[in-house]
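Have a look at the structure below, then the notes.
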Amino acid sequence: MLKPIIISDPFPRSLDLIFEKKKFLELKKNYKIISPPNKNKKDKKNFYEKNIAKATFIVGQPDLPRKLLIKALKLKAIFNVESNFMDNMDYEYCIKNGIHVLSTSPVFAQPVAELALGLTLSLARDIHNAHNDFIASKEKYGGKASKKNFLLKDKTFGMIGFGDLAKSLLPLLKPFSKKIYSYDPWVPHQYMLDNDVQPSSLNLLLKTCDVIYVLASITSKNQGLINKSKLDMIKKNACFILMSRAAIINFPDFYKKLKSSEIYAAIDVFPVEPVKKNDPIRKLKNVIFSAHRAGALDIVFKEMGNIVYEDMLLIQKNLPPRLCKRAEKETVGLLRSKPVDHN
Amino acid sequence: MLKPIIISDPFPRSLDLIFEKKKFLELKKNYKIISPPNKNKKDKKNFYEKNIAKATFIVGQPDLPRKLLIKALKLKAIFNVESNFMDNMDYEYCIKNGIHVLSTSPVFAQPVAELALGLTLSLARDIHNAHNDFIASKEKYGGKASKKNFLLKDKTFGMIGFGDLAKSLLPLLKPFSKKIYSYDPWVPHQYMLDNDVQPSSLNLLLKTCDVIYVLASITSKNQGLINKSKLDMIKKNACFILMSRAAIINFPDFYKKLKSSEIYAAIDVFPVEPVKKNDPIRKLKNVIFSAHRAGALDIVFKEMGNIVYEDMLLIQKNLPPRLCKRAEKETVGLLRSKPVDHN
Amino acid sequence: MLKPIIISDPFPRSLDLIFEKKKFLELKKNYKIISPPNKNKKDKKNFYEKNIAKATFIVGQPDLPRKLLIKALKLKAIFNVESNFMDNMDYEYCIKNGIHVLSTSPVFAQPVAELALGLTLSLARDIHNAHNDFIASKEKYGGKASKKNFLLKDKTFGMIGFGDLAKSLLPLLKPFSKKIYSYDPWVPHQYMLDNDVQPSSLNLLLKTCDVIYVLASITSKNQGLINKSKLDMIKKNACFILMSRAAIINFPDFYKKLKSSEIYAAIDVFPVEPVKKNDPIRKLKNVIFSAHRAGALDIVFKEMGNIVYEDMLLIQKNLPPRLCKRAEKETVGLLRSKPVDHN
Amino acid sequence: MLKPIIISDPFPRSLDLIFEKKKFLELKKNYKIISPPNKNKKDKKNFYEKNIAKATFIVGQPDLPRKLLIKALKLKAIFNVESNFMDNMDYEYCIKNGIHVLSTSPVFAQPVAELALGLTLSLARDIHNAHNDFIASKEKYGGKASKKNFLLKDKTFGMIGFGDLAKSLLPLLKPFSKKIYSYDPWVPHQYMLDNDVQPSSLNLLLKTCDVIYVLASITSKNQGLINKSKLDMIKKNACFILMSRAAIINFPDFYKKLKSSEIYAAIDVFPVEPVKKNDPIRKLKNVIFSAHRAGALDIVFKEMGNIVYEDMLLIQKNLPPRLCKRAEKETVGLLRSKPVDHN
């Protein structure tokens, strides 16, 4: 019997990056894997025109206009390993025709959540600065350097966005506090309450919370949402932890707010990366910086391969996929992420 | 009716440090507070000889030999606010005669636990170094700098010591992993199992765990316990987080082990503090340093006052204290902590 | 502006049953609700032919063949309030054409889970029989009647089926034990592990577990799955708790197994309901019986209305529904539940 | 070397009852066990006068007046396996002289908690009556018999007493609701808050809670505490679950309240046991009865032996006991339990 065919085109990632050796061998045993040429656009287009009719799965996020998809009669699923749904394929056609469009983004939830908590604890206890003082032989012992430190115990936490990231952060926060708010216009209140989270307006969340996490996807509707007037609602000495997408924030306003030194921040994502070497943001003392490092661990890329493989197995058994995230007809068009340019 | 008398002698701490204003006023409303002169030893001795018979409570850790305690007929409790039981009072006499000797050490459990987790996450994700790289405009984006980073999810954790510190750290670790071991010769296995912790020998713990926390009190029996042969049991790339007492570790052996670069460490306590400015330990790249900062937060000192006050209320109602930690006749003599020299 | 139209046809349920008064008023304020005549089949068919083109939502599970659905150009969602997907509508057409087919079955998960635990505790501690003995003035005190009673603490639990029911039962079981297995061929192992559940084969689960819950939907593939050979794998004195669908069990085999008295059982669902008055199953002493009562609480029916209403709001805002359960193209055809004949 | 001597006198329990075979053998290997004659009081007295000086441990609750204890120079601990501190030994002398007086009562916490939850679920879902209806072939299916049933989800729970029983029940209740109140005048509010429990006055608890558990020990101060005026504070349709000691309740008032049918109750303990055969309480339809069965399981008696043995080991190593409950000088005189007359 013929093996089902996978078109592997996971640029900027590679199957090597996302599959453990053992799993990769298993994949190759059970599927025939073909790849488009890397050379030029035209060759690539020809490859797809020639091969798409044979493919059961596509791993990657190639250009897939309707006229190509119409030929994809065997195609059961497209595994987007970028985690962004870009504007280069006909999602509507796929969804209508029972082709699953799946993202491996859930693998990033745990690493982002762990880093978010680590950054929060570093801010709360000044871990990074105390370490630097020690290295420089100018450390202060005991309470002398900790006067302004605070505990996370019983603090009020807020999560802007209640998707995968929030749901991975939630269990890490619960042992610290029961006071956890969330704002997410895409999620019904009942769903938050079922997770022991208090649904909140954005304004109430900003005004109330001691620690605020930005965990939302960027959409055509929330670009620049957190601007001066929103930032001014934040309590003095609160921590603002920016984890998901910089575009949700009006960055010039954010810089001004931080410069006024009334709040603390942790920043993992920036509007332009790399940040300019002389960007004044680098001088801010009340900020802990991380260079888009939240999700990008070797072990996490391998986890991508695992969930792709498991969902392929389910789909082959004519069952719905369970581990990857599905593109939804209502929202796929609203998501506005840029392609990744580094792993 | 006469107010009960408190002898306040909390050196090196002060009632101001440990009581919130409001609580302090309440205390002064309900009790008469007297304090020994600070001048010289003889005046202090005279003060105690004159006043101990009248006191219901002592807050502090003054010298209290038997011949003084014999006069303390009204004394119900001594609140040690140093958190160390030093060799300067007759504990046996107190315990036999129904005088509670209580320590406020439980207030330190939560701040130590939070810092321990913060240090672990900083090591796991290189938070402090990535921040420094960013400040120095030499950051690497995404996975380029994170190749060796790891998740805490599903790691194996070990806790040396299963007292107050461990019990505060435990709920913070549980959302990351179910694999949590502990070694504590003072604690029955059943008690650990009841807390979903796997009882372990010290050797098994050292050999098995990915993250090892030192959370034990120092006793006459565990000084230098973790020496070269023990340190050599630790797995490559494991994290060793030293939180409670430096004397449990053979520090020269520890330095050599760390210099060989096979493990990561976080160190909050040192055999001599302050550490010498030119101590070579400061050069180690695989260590994150904290200068005995785990417990010393303003908010934590105020918590001391709260638990002292609550336990006074219970004792006044002829009920056993519940929040402070009692000196136990069996173990008080084994504890070997030095007095604190900084708050 | 015209209100969107809801076709309300929730037989055997009624909008009165499933909506709280206040919510019902809100619904009527925001939507125009029309209902088919109850009289005869032909009138009903005419009603749909005339009105389906105008409807935004249908609440109910009427016959909806393709030729009718083709006219339903405004239709956004069908809310099945029976919780069973019957073979009377063209699901494929709906899914292809972006019409959500939604079931309110998630509202039953909590009540089923609570009853399942209640029945288990009644078996473990013989609560029902001890109560009857007391009523009959023949009670035995203390341990005399409890020799064979057992604790749930640290028992090994097994869940056949890992859907909504299992996920509601899971948090209720976790405080009793960490040893929880599940068998579900539709669910990847990773998903169970992420929920701290041990994935298992059916045979291993049956052989290992002290308490076994049947929580699976009935499909064309699992009818009669638990037959004599499977039942014989169950450990002596284990509890078998049948909550979801009787058809998963070979009932004659089950009766024989129970008659041999080696296991305990709780039964909430039966192959034919009502059970015959003289059915010998009623005589079994090792069984606690419940007459299909797990989900049918007034408060639960009102919850149906709540999740229908919330998901309508999301769909009206062009967002995906979040609280009801979607029919999946792969599985909707496999589900084989009979219509309910009582609420 | 001579084995340490245990005086075994655990009437009405026996070492056979409380030790597993294997553990009993281990005990006999490491200790010399001697027992008083069972015949008459005088022989028993002689036995103690002759042997108490040699004993390291006593397992049991014999009469131990001061003049006998004065001779007990080797005695380290008395293990009360009745779980009640009766007025037949000089507790003050023991505590002053470093003799631990320990109770095995903690072993009952888990079985009492599990039964308490089982009884609550039986009341909430009418499990016992629905079973009886089925047996009698008069069952009603689905919602017909469940109109008044309710879910525990999100109910408000109250615990009168916050000792061992409450702390074992607490984790079983938390998955149902975050709204858990407790009243206990012996426990500081901070301690409850640390356990995520809301401290409350008795009146507020009675007025607020949907499910009320009586879990307190009986003391000279709380006898008859819950009388008519307190019972009248309870909300209509609330559940009142009496688990610990009947004497806390004014039983005639309780009977009248229950007869008025406005609340539901579960009763495991009665003022006089056995309850008279013609006691009208047996006719109450809104009560589920259990004949003092909460703690008395075979497996629980064996657990007694385990914690006695583990604490013996600690004491022999000159460490404080950790698993049994210590008599406290402040409270031992207030406890007023009757001796058990059945196991």
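Letters are used for the chains, namely A, B, C and D, taken in the order the chains are written, and counting of residues starts over at 1 for each.
In the analysis below, a contact is a pair of C-beta atoms (placed from the backbone, for glycine too) under 8 Å apart; a residue touches a chain by one contact, two chains touch by 3 or more.
These numbers were taken from a predicted model, which means no experiment stands behind them.
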item: Longest centre-to-centre distance from chain A, chain (CA-based); value: D
item: Chain pair, A-D or C-D, that carries the greater number of C-beta contacts; value: C-D
item: Whole-Å gap separating chain C and chain D, where each centre is the average of the chain's CA atoms; value: 38
item: Length of the line joining the C-alpha centres of chain A and chain C, rounded to whole Å; value: 34
item: Chain centre separation (chain A, chain D; CA means) in Å; value: 51
item: Multi-partner residues of chain B (at least 2 other chains); value: none
item: In the complex, chain A residues that touch chain C; value: 95-98, 185-191, 306-307, 310-311, 313-314, 317-320, 322-323, 328-331
item: Chain B-facing residues of chain A, complex; value: 110-111, 114-115, 117-119, 121-122, 124-125, 127-128, 130-135, 137, 139-147, 149-153, 171-172, 174-176, 273-275, 277-278, 282, 288-293, 296-301, 340, 342-343
item: Residue ranges of chain C touching chain B (in the complex, touch as defined); value: 178, 196
